[in-house]
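Below is one structure. I have some questions about it.
Chain IDs A, B and C follow the sequence of writing; residue 1 opens each chain.
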Amino acid sequence: MEEAAVTDTASPKLDARIPDGPIQDRWDNHKFDVNLVNPANKRKYEIIVVGTGLAGASAAATFGELGYNVKAFTYHDSARRAHSIAAQGGINAAKNYPNDGDSIYRLFYDTVKGGDFRARESNVYRLAQVSNAIIDQTTAQGVPFAREYGGLLDNRSFGGAQVSRTFYARGQTGQQLLLGAYHALSRQVAAGTVELHTRSEMLDVVVKDGRAVGIVVRDLVTGEVASHSAHAVVLATGGYSNVFFLSTNAMACNATAVWRAHRKGALFANPCFTQIHPTCIPASDEFQSKLTLMSESLRNDGRIWVPLDPDDRRPANDIPEDERDYYLERQYPAFGNLVPRDVASRAAMRIIDQGGGVGPLRNGVYLDFASAIERLGKNTIEERYGNLFEMYERITDEDPYEVPMRIYPAPHYTMGGLWVDYNLMTTVPGLYAVGEANFSDHGANRLGASALMQGLADGYFVLPATIGDYLSDWLNTEPVSTEDDVFVDAVAAVNERTEQFLAIGGTRSVDHFHRELGKIMIENCGLARSREGLEKAISEIKALRAEFWSDLRVLGTAENLNQSLERAGRVADFLELAELMCLDALDREESCGGHFRVEHQTEDGEARRDDENFSHVSAWEWIDVDTPQELHREPLTFEYVPPSQRSYK
Amino acid sequence: MDLTLKVWRQAGPDAEGGFKTYEANGVSPEASFLEMLDQVNEKLNEAGEEPIAFDHDCREGICGMCGVMINGHPHGPQDGTATCQLHMRKFSDGDSIVIEPWRSTAMPVVRDLIVDRSPFDRIVEAGGFITINTGAAPDANMTRIPKEAADSAMDAASCIGCAACVAACPNSAANLFTAAKMQHLNLLPQGQPERYTRAVAMVETMEAYFGSCTNHGECEAACPKNISIDFIAMMNRDYVKAQFKNFARAGQA
Amino acid sequence: MTTQQRPAVRQRRRWQDWLSGFFTSSVGLKWMMALTGIGLLLYVLAHLVGNLKIFLGANEFGEYEIDLYSEALRNLGGHLVPAGSILWLFRLGLIAAFVIHIGASAILTRRNWDARGMNRYEAPRQYAAANYASRTMRWGGTIILLFLLFHLADLTLGWANPSFEHGQVFDNVLASLTRPPVAILYLIAQAALALHIFHGAWSLFQSLGSANPRYNAFRRYFAAAFASAMFLGNVAIVVAVWAGWVS
């Protein structure tokens, strides 16, 4: 195994441009310091936004409102379908409506701590600062947040916080927030400021003289590959949990856009920081195509257990109380079933790995509502979780009011992503990354109800304020023509790659390779990682990649809608990204947040962080497919929240 | 279980389409309907035939991408369920299943089971939004909203835009979709300033593509989110009221 | 992909545009159908109530009550207005209601066929909510219209009734209904009318925008009751003629 080349601490490539001054003032100072584009000049600029989820739609809409010319791209048939729509639980904000002592500072503090001290303080503080404006904005857009009888907004509590700060719209908060952004975007489409391209997949970023000048897009219906140029390109293309094949992400979620950007020079930060969510429905057979998440709020009332005897095959309800192991309550008496996601997931995985799992495939643990139903009554439980219980029943055909649910940890969110500075610009000037696509705010672990907050903060408030700093340099210049060689070459390269997929003519389908990759990744780069496993994974991934390029079978042509062809490109990129994830996980010789190295744990199996050597962001630079990537480090300093060991005992 | 599938295949928007019959053997009752199609596709790929194209994404019933007509039922025989949430245990060994794309003039087939639902976006662009620029919003708790109104708006807003309503409607009308999108906003105080112009713009855009409502109620029965046709009545009222309201002088509230 | 062209939504600047916009929109047409439907419902109800006078037979002077009733209708307004003018006002209103109701439905049917196009489903549709009545409105309506023409020819103008005498309502009805084909035709028409009302009297609430969970169930009962009353009342006359209850 070759060692990764390492640049010294504080790589010059990684100028995060964090403003000076007290943390409370940094965002305001920065907004004052950056260059602006005056209102009359905004129409002279073209901005490309790729992806129309929460971050992309909100950014595109806001740019349109400001007067920029925007082109927005989505591979879906409408801007309303991105996987942001599936977020259930809610969105955090420091409104302190419940009067329980919340503040911007507390939200900031909780997020830095929840992220296990691997996020930038300044970014997180800004996130907490704009969180309140998001609630104001979305409420004004008509997002039907839950309300109390007096007509004011309701809040609920969520894992990892001691205050109630989560706003929610039934179990469909993501849907409602996305629809709000989609409505705002639709308004701009009608106004002509945003040109929306649906069923159009971005397949490359075009870089000229070191700056992003446009993208190459394939029309998924006609197969036509075309390029679009602009003054700036914004990637809002989500995370890469689908590298695990079975994840809670939608089937089409992919890393192609960020990976193509990475290959064009954008550094990729903390790829090994992935979040495994504890309350998903276990897979039921080998053909399972995805895992379904159930809101973490279930753990508020459900008790998690497994039979004491791993070979106990009796139905759950026949197992007497004293033969059950409520392992979370036993191991973490203070937090019990409400420990953070990473801790809960790891505990479940340990049991399943040791053969103590329940269910036909022995791949779950029980989440039992019997005592809650006894204590609160079935009606209360139904009011709180009715839709989740119904969803569970539909998938498993078991009634959770009668028998305990079975749950299983599943890859859910990726904290890693393209490295961005305080302006959300990647290391390629003019190329921005927002939402889950960037790495910025969650450190090594994301708290519940924070993803929606970050996506909308980036799209509505942060990027629209910072993008002018870059754009102002290009006033009165035309975007590079798409006739330019750099575009012509990029289109040719995309066409060539497409032809390659079709020409392999092997025997295996794209899904086969994706599934195999997923197995390697979940086993070796999932919840628990070891040097041995990661090294094995890297060699297996390389072998799988070689097999992919020699034995793939994609039928049909490139001239029409060809779903296998679409997936081939995505899986090809996953096959490269997976290797980088393992490399990063190998390099990070500590356990923190979602990253757990078995070599680095305390005697009782808790994560052991190494602040001395790893209090930094790892950003990787692409060299080529056969050369290990070069590591750059951005040191992290904590002036306001001194790092401490998380303890939930 | 073993099934016989009769599936609509059509190579492109302008191509001639037709039904093809496939055997799906050894289907697990635990599999979802779309996973069953995945397996059929895997076998087609092996056999050298192009896989069946169908829209799908989140596979948890919220994105609204999936949706096919299954034996004459939009989204299949289970009530309040999108195609992706339908599981094969609802079928029996030996069943024949006819799988067809949504049918209407406004939403032509793009390929196989995929249709073009973009008219829905046109309806929303016509007025399915609240005109407010980012950053201009007052405090979220400044306007109190009766809980019932907020809940009702949420009922309407839960529409996933799958177009099962259009597919189910004998008239290919999109009234349930349009009404849900419109009433979500018209029920809230925030939506009042544009209430009647919204009603007119959305209804007339809808009518440029779709048929009219004859109150069969099939849309409500087909809706995977069980959205009520009460919202259609509310839309009708708003539209008619808009014709007589003096908003040039008195505003829309 | 290239999305479909946005249609031009009518710009309304002049009052003519406003009028044509409203009355050519499908929702507007349905509204008109509901309003005229209410008018027609009131009419068929009044018509039935009047017809039931046939059961009252003759008064002490040997005049049939129903003949007096028809005379009274013609003399509405007494000596204030020319004879028959009020009745003609009603008739004009009725004709207008029929024209609008049928015209609107013809326009909407045409639109709906276009919207559905040649796109039929292969598998038989498994209707979950649509009922026989709702799916046969067009055909039921056509039957009712054809019957209406015959009915006018039969009992108003007398063209289809060889023994017709103007003003002799009781005798005319008896003469007409004792012909078996005519009796059967009446029964079929009444069935069609009842079905039409069963859906229409419910549907009009929706079209007029009246929906409220509190009384939504009532809308169905109302329609069912109205349709049954019409059917039973009208059929009773035919049955009575054949059973010899009226003579």
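As a working rule, a residue touches a chain if its C-beta (ideal position, glycine included) is under 8 Å from a C-beta of that chain, and two chains touch if they have at least 3 such contacts.
What you see is a predicted model, and the numbers here were worked out from it, not measured in a lab.
Asks: Central chain, going by Cα centroids?
Replies: B
Asks: Farthest from chain B in C-alpha centre terms, which chain would that be?
Replies: Most remote chain from chain B, centroid-wise, comes out as C.
Asks: Averaged over CA atoms, how far is the centre of chain A from the centre of chain B? Could you give it in whole Å?
Replies: 27
Asks: Can you work out the whole-Å distance between the CA centroids of chain A and chain C?
Replies: 61
Asks: Report the inter-centroid distance (CA atoms only) between chain B and chain C in whole Å.
Replies: Chain centres of chain B and chain C, defined by C-alpha means, are spaced 35 Å apart.
Asks: Out of chain C, which residues touch more than one other chain, so two or more?
Replies: Chain C, residues with two or more chain partners: 1, 3.
Asks: Residues touching two or more other chains, restricted to chain B: which are they?
Replies: 110, 116, 118, 121, 125-126
Asks: Using the touch definition from the top, which residues of chain A touch two or more other chains?
Replies: In chain A, residues 77, 196, 198, 221 touch at least two other chains, as defined above.
Asks: Considering only the defined contacts, which chain A positions touch chain B in the complex?
Replies: Residues 58, 61-62, 65, 76-83, 85-86, 95, 97, 133, 135-142, 144-153, 169-170, 172, 175-176, 179, 182-184, 186-187, 189-190, 196, 198, 221, 250-252, 284-285, 287-290, 292-293, 391, 394-395, 397, 460-461, 464, 507, 509, 511-512, 553, 555-556, 560-564.
Asks: For the complex, which residues does chain B have touching chain A?
Replies: Result: residues 11-13, 28, 30-32, 34-35, 38-39, 41-42, 45-46, 48-51, 53, 55-65, 78, 81, 85, 87, 89, 110-111, 114, 116-118, 120-121, 124-126, 128-141, 143-147, 150-151, 153-154, 157-158, 160-161, 184-185, 188, 190-191 of chain B touch chain A.
Asks: So in the complex, the part of chain B that touches chain C is made up of which residues?
Replies: 6, 8, 19, 69, 71-73, 77, 98, 100, 103-106, 110, 116, 118-119, 121-122, 125-126, 170-173, 201, 203-205, 207-218, 220-222, 229-230, 232-240, 243
Asks: Using the touch definition up top, name the residues of chain C that touch chain B in the complex.
Replies: Per the stated touch rule, the residues are 1, 3-4, 6-7, 9-10, 18, 21-22, 25-31, 108, 111-112, 114-117, 119-130, 134-135, 137, 199, 202-203, 205-213, 216.
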